[in-house]
Amino acid sequence: MDKKALAQLLQQVASQNLSVEAALAKLDTPQTADLGFAKVDLARQQRTGYPETIFGAGKTARQIIAIIQTMQQESPYVLCTRVDAEKAAAVQAEVPAAQYDVTARCLVVGQRATPKTDQTIAIVTAGTSDLPVAEEAALTAEVFGNHVTRVFDVGVAGIQRLFDQLDVIRAAQVVIVVAGMEGALASVVGGLVDKPVIALPTSVGYGSSFQGLSALLTMLNSCAEGVSVVNIDNGFGAGYCASVINQLGVS
Amino acid sequence: MDKKALAQLLQQVASQNLSVEAALAKLDTPQTADLGFAKVDLARQQRTGYPETIFGAGKTARQIIAIIQTMQQESPYVLCTRVDAEKAAAVQAEVPAAQYDVTARCLVVGQRATPKTDQTIAIVTAGTSDLPVAEEAALTAEVFGNHVTRVFDVGVAGIQRLFDQLDVIRAAQVVIVVAGMEGALASVVGGLVDKPVIALPTSVGYGSSFQGLSALLTMLNSCAEGVSVVNIDNGFGAGYCASVINQLGVS
Amino acid sequence: MDKKALAQLLQQVASQNLSVEAALAKLDTPQTADLGFAKVDLARQQRTGYPETIFGAGKTARQIIAIIQTMQQESPYVLCTRVDAEKAAAVQAEVPAAQYDVTARCLVVGQRATPKTDQTIAIVTAGTSDLPVAEEAALTAEVFGNHVTRVFDVGVAGIQRLFDQLDVIRAAQVVIVVAGMEGALASVVGGLVDKPVIALPTSVGYGSSFQGLSALLTMLNSCAEGVSVVNIDNGFGAGYCASVINQLGVS
Amino acid sequence: MDKKALAQLLQQVASQNLSVEAALAKLDTPQTADLGFAKVDLARQQRTGYPETIFGAGKTARQIIAIIQTMQQESPYVLCTRVDAEKAAAVQAEVPAAQYDVTARCLVVGQRATPKTDQTIAIVTAGTSDLPVAEEAALTAEVFGNHVTRVFDVGVAGIQRLFDQLDVIRAAQVVIVVAGMEGALASVVGGLVDKPVIALPTSVGYGSSFQGLSALLTMLNSCAEGVSVVNIDNGFGAGYCASVINQLGVS
Amino acid sequence: MDKKALAQLLQQVASQNLSVEAALAKLDTPQTADLGFAKVDLARQQRTGYPETIFGAGKTARQIIAIIQTMQQESPYVLCTRVDAEKAAAVQAEVPAAQYDVTARCLVVGQRATPKTDQTIAIVTAGTSDLPVAEEAALTAEVFGNHVTRVFDVGVAGIQRLFDQLDVIRAAQVVIVVAGMEGALASVVGGLVDKPVIALPTSVGYGSSFQGLSALLTMLNSCAEGVSVVNIDNGFGAGYCASVINQLGVS
Amino acid sequence: MDKKALAQLLQQVASQNLSVEAALAKLDTPQTADLGFAKVDLARQQRTGYPETIFGAGKTARQIIAIIQTMQQESPYVLCTRVDAEKAAAVQAEVPAAQYDVTARCLVVGQRATPKTDQTIAIVTAGTSDLPVAEEAALTAEVFGNHVTRVFDVGVAGIQRLFDQLDVIRAAQVVIVVAGMEGALASVVGGLVDKPVIALPTSVGYGSSFQGLSALLTMLNSCAEGVSVVNIDNGFGAGYCASVINQLGVS
Amino acid sequence: MDKKALAQLLQQVASQNLSVEAALAKLDTPQTADLGFAKVDLARQQRTGYPETIFGAGKTARQIIAIIQTMQQESPYVLCTRVDAEKAAAVQAEVPAAQYDVTARCLVVGQRATPKTDQTIAIVTAGTSDLPVAEEAALTAEVFGNHVTRVFDVGVAGIQRLFDQLDVIRAAQVVIVVAGMEGALASVVGGLVDKPVIALPTSVGYGSSFQGLSALLTMLNSCAEGVSVVNIDNGFGAGYCASVINQLGVS
Amino acid sequence: MDKKALAQLLQQVASQNLSVEAALAKLDTPQTADLGFAKVDLARQQRTGYPETIFGAGKTARQIIAIIQTMQQESPYVLCTRVDAEKAAAVQAEVPAAQYDVTARCLVVGQRATPKTDQTIAIVTAGTSDLPVAEEAALTAEVFGNHVTRVFDVGVAGIQRLFDQLDVIRAAQVVIVVAGMEGALASVVGGLVDKPVIALPTSVGYGSSFQGLSALLTMLNSCAEGVSVVNIDNGFGAGYCASVINQLGVS
């Protein structure tokens, strides 16, 4: 409750238009639904513009189902990330409206939002193995109401592949660069576009890639400006950040 | 044997009330039961106030059974942590009194101690995925004779969930904060309470969480005072520490 | 040279309006001034909307002077970061127009750009020791034509300081959160605003902060969405990213 | 402001005993003094029982002086840690009441609190080189109103030194174990006492001690229960934690 | 397209021997085949002298089949590394020409190139467990047209085994040294030959070998000159590097 | 061939008692049996006093069988470490004389050597979970001709268990201390005995034990003198080192 | 002494053309000059084609002088790397022929070798701050008889700078890529040339560059083939490797 | 006090030959001299055969002087390691008998022990820069009564230097191998001798040597048996271990 609302409430109390009890209740309204194992944040959409997304990795199918059912009462759509096929099937058995994206390993319940802006988000990957992470980002961006352009497998080992797609990439409002191994693509793209670049390292690689650490460090140390970074394999985070940026100023 | 007991013993020897042999035997009484693969610490309860707990992870069901059976002769209750369901079943087949807590992955033999104090320990988690570790801490605290208040899923991403529960948390004598990922909850709680806070990092997360390292470092570097830290996923350790603190001054 | 320009050029050659030699020259125009030790990127402003900034750390005063003098011919203003006081004085002796910001450790040559947008960038720090990095970010954002709001020393150990400033922070279009030690502030702010949050870890701390590693990991693992991260102490990078985002859609 | 106070305030408004403006002011009273570079937390003592301590490491003498002068208006004593001799002298020139402890590298302003409890905190070090960190912990504990027992240089390489002091250590209510190098002392003490043990790793050592990392890991992995850990060289943190525990139940 | 070719093309346009449209098409000819999930680099052989090799690890059998079928149109042979037996069988079912090397875990399609030079590449391993990586290197070198000499299991623990084979090793033009554990063999060989040595660390080992990190660091810090290093277990990379060096000056 | 033997050989050649061909052959006698995938070091026993041991981890059953059969021709006994039960059975099917120790995960072929000295090696473990590594060390020491005393489960959490066994430990000529978790036992034992102590860290533990890194660092930084360290879980190495030391001066 | 030389020597002994004593002396000729603190490898040039280079970093001026004076008797030129200005002056005072390269921090004694081949080595840097390391590589390559082409400051943030120089780079026989920060340049160059690429990471950067670790990992994980890597800041090693490759087949 | 002594003491008490008070005093005799900042271990020589050595690094000259003066009363000689020249001079001003070894950075007070055995300890270094650490080891071994053979600068880059000295090395009873950079020398020596090898990594190197980590890991992962390892730059530890081993069986 912000200061203005508080002043109004106090005014109502002072003018006897609101009883002390009612004012207390208003100040005390639960904003979360308490499921015991989880407190579902019902006010999140109101507070940040987006509903809370379910991080499926550490939860049982039963827990996910209960959270979805609670959230559905408040949100037009629910996104649940990091769900493997088996868990997805268990959820779908109880929540038939849930649709499973096998590459992105996500469940989506409800209709996707109509894009809120014509501006697009470009998702650029270095290789084919980066697809699952890239698709998690793409799905997230789409679910939150954005157009997405996919530009896959344009890593720097064959840099002309990137230059062939430069017009497409430059047409976007925000660019997500997805790369594992040495992650050099983020720096190269960062030097070629004048839009925000979100670097998304993946755990693709072996040996001294150290499960994505190499790509992460590369991206953090990018000599190209305008590049910020999210966690390794965090497709959701990249898609979310891009969406927030892409919808700035959109009412 | 402390100095006073030693003086008495020597006095007895000097006054011929105790033979040299008997004195030697007293000085030499085994305090451990030697099972070959293990030396069960029978004097631990006397020395530290608590019986030795069995760390089940590296032991066979057979070894656990033998240790429980030895300890039962000395202790009213036995706690065995880090036991998976299969091993638990094997133990229960031989030790019917053993009860298995599937979330906490612990076996408990014997009746739980009556709480030794009215003061409570609050166990606060950032998310749902932290439950197994939190329950290990809770069970430990309960087994050692404490009241436990559970406050789950109040991570900082939706910080009002935490504020809603602040009264409950502040009512406790000791607070355990359980969090994975970035572990920021420990610092926030540490700044809001005036009681000892034990930070318990979990391995929940992915990518650069590095199996709990991120949360561990966060907690060690907490800018809030009064926070001390235990090992990643060490629910038992946190519960034990909290119990020792909670029972200070309790006779 | 993009495809459309290339087609026009070829058309001119075909229609004899351009000689082969002239076309080759156009295709071959140097976009960089070669100083031997450096190739100054003269087309950067055209390509990315911003002039190249000089990273002063590994360069001699002599090299910085030469680069500034080259860049001044093309750019209305030049920013040189990571310059200590002694080196700054040496540069100022030759480039009297250079102004030195002692907290941000930056040299600025030329008039600051008039803000290109009314939207502001909020720079929020956890502590007083984060100021040099925060001021580097602030100066960068200002030099590139943005209004900046400074909200300093509102770390989570005394979280009401943050809540007192929440209205100010929420009024911004982009938020930079600057924190060392455990860096928890980024997650807390990320959960409270619906704007892009750029997390800027600093090397403030000691022991297991490992020169900023702890804060960096915290921010990468933030449980709050909408947070992306730049390198430790990279005030310039954070200011630059924020500027690009803040000026999206500004012609 | 807690719920009960809020209800009273609303009641006063409803009964016209308090104007809306006055109520708003009460709800809006600044709890921090804003010095621009710092927001001094004036309500900290009220909220957590202790005043905010100044972390001197990243601050100029000028900043420290200003903060001390602000805090003095609210607190009977002020502690400033991590101050080198030169900075201390500069502060003392302006704040004559400030006393400097050269071993602990701390400034104390105002009279030390009278111990609030007869229970003591034992501070046990492995070696002589651990003294500066141990004294920071001791001074902190004393400033916050505790009796401290110092037991120095009883590392496990000559373990009889520890056993000679066991009675002294066991007489304390809380034990801080300070050790660098391999840090084994914490585990040994942890197995010998039935009180809370706070392990405080130091950066004493060389080579693969990695500036205290070795001792830190040792302490986190302690096989002895009841041990929790603070950051490397964090004498203040250990002293603070011990004080909170030692004063539990003290009104 | 290099500058000379560009001048010729422009000349043709100027002399009306080439239409603007045809020139544009030439400048715009796709050099990659776009399969959606992958952009196959068809010009790689022309540009670097070698066709693109398929990194099989992160790809499905279906994706590999499609890429092979595309590449076969352009390349006399195709190499696909990091293919396990099951995936290999699935590929062979559709691409009968594919031959599987079970030790090297590689698929080869098409006839091996006739060696382009009489100079040989020696592949020297420290132990038997290094064979899979060594064979990946050997196969790569052979596929790209080189003679390979295998010298296996001559680690420094029994250094006379190495000296027995020194003549064989010295007869090669390039030497690949393959070693896990402590990787000392690279330094020893580096001090005994006057040819380029490519050090190839393997993940063979346990404990503090940290999956090849120990061998990698050893090789990077080699006190013998003339040693350069590739990623852990990167047999393909070592074989490729050796091939490029071995064929320098070969037309 | 040492210098004296070389002089004799040359003398024989000079005196026509040895043909040039025979001399060359003598200088060229293969000391290894080349199996292609392995070069079995037949002279190792002669050179270092011990036969080469087979490190079973990276080898197939087929390779192990071939190496054993080659070595049996030269050595009275063969030790093969790091063999799981399945691989062991496969070897035993072909080499019936091979005996499998399931705890130590080792195969032994041939009769154990009669102890070469009456001095014993004590193997001391912190916990029950350290047994497999301890038994690998014990078996190695026994196979190479030493008496072994086992002192298991005497970790520092219950330090009186260690003191109860101190006479037994002090009676040994060499002490191996086996510990995971924080590994403090090595320092404590090192301070209590005046014999060489070989510290053997194990990967027992979880969280920040980082698979034995914590114990390894503890042991390397031991404040007790006379402690040297082998690799994590390297039971064979510790047993071998202890054997070499124990048999010094034994002809 | 190789086998052929040994046969000849034995033949001479057998035919009485060489006394046993003389043969022994020949077999025993010291190949190193023993200075006590150093054993100068006089046979290195004969064995590997290059004289031993002096690594100046850990040596006193006095030691360097003695080694140079010893080596001068055998080598036409001596290279001493990692010498700071003060130490260089001390050496020059005694060895007037020593020339100091202040950027490369190297001393050279004797005339540079005439290039042994017309093929060049290209040294390509990402930034101006990489110059000291690049010049160490360049000087090394020149001292060992190679032509060097310098292409400085063409990092990927302004990638057209690289493309402008591609012809120059492609004209070389071997390419050294020198880069700090994220080190992406090595991958990009590796994808554009068909010659051996030696990646040379530098410690240029800050924060999570971790003194060159980021660039090192990037280069080890390069998705471009034909790239091998040397140690961080190891200009000498890169120059040496490049020289060995560049002179392959040169008699 | 061991069991036998205890039995005698009790017997004396029982037979009235010893009063209870005297017995208590005997059981309670301080074995340490308490200097406040240090507890000097006076019984160490009796317990472990060697006096406590002073680790000078973290101590003031004043503290060192006091400890030396205390120890001199009990020990024929005192060794103080890690003392820089300035601190050494301050100590010598008060303790004229103290002799300073500038290379080893050690102070020795009192006459060196006459060698207790004819067996020697060989100290073998890879390079000249390893001398300070090697000399600390040598001095330690000599002070504790051993003959030392120095074999310096025989690293594997010029391996014939090592073979030239093999007879000397093999003549020793214990071998210490001192090496920085990649540390390969330990493995090579370990494969060539049949005596205990103590590997002593040094921090000599740069870049990815990570202050000795590379050499440390190399030595821990040595494929040669019989190698155990001490901390980076721990010359004292290596010398001490070698001494203990060398004097086994010496009465």
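Every chain is named by a letter (A, B, C, D, E, F, G and H) in the order it is written, and numbering of its residues begins at 1.
Please note the rule applied: contacts are C-beta pairs under 8 Å (C-beta built on N, C-alpha and C of every residue); 3 or more make two chains touch, one makes a residue touch a chain.
Everything numeric in this text was worked out from a predicted model, so none of it was measured.
Just to note, of C-E and F-H, the chains joined by more C-beta pairs in contact are F-H.
Taking the mean of C-alpha positions as each chain's centre, the chain lying farthest from the centre of chain E is D.
One finds 38 Å separating the Cα centroids of chain C and chain G. Annotation: 49 Å between the Cα-based centres of chain D and chain F.
Chain contacts: chain H has residues 3, 47, 127, 157-158, 191-192, 207-209, 213, 216, 220-221, 225, 231-232 touching two or more partner chains. Pairwise, the chains that touch each other are A-B, A-C, A-D, A-E, A-G, B-C, B-D, B-F, B-H, C-D, C-E, C-G, D-F, D-H, E-F, E-G, E-H, F-G, F-H, G-H. Chain D makes touch with chain H in their complex at residues 127-131, 152-154, 157-158, 160-161, 164, 204, 206-209. For chain H in complex with chain F, the touching residues are 2-3, 47-50, 53, 167, 173, 191-196, 198, 216, 220-221, 225-232, 236-238, 240-241, 244-245, 248-249. Across the complex, chain G meets chain H through its residues 30-32, 36-39, 41, 43-44, 52, 55, 57-59, 63, 82, 201, 203, 211-213, 216, 231-234. Of all the residues in chain H, the ones that touch chain E in their complex are 126-127, 155-159, 181-184, 187-188, 190-192, 205, 207-210, 213-215, 217-225.
On the side of chain C, the complex with chain E involves touching residues 3, 6-7, 10-11, 13-14, 16, 19-20, 23-24, 27-28.
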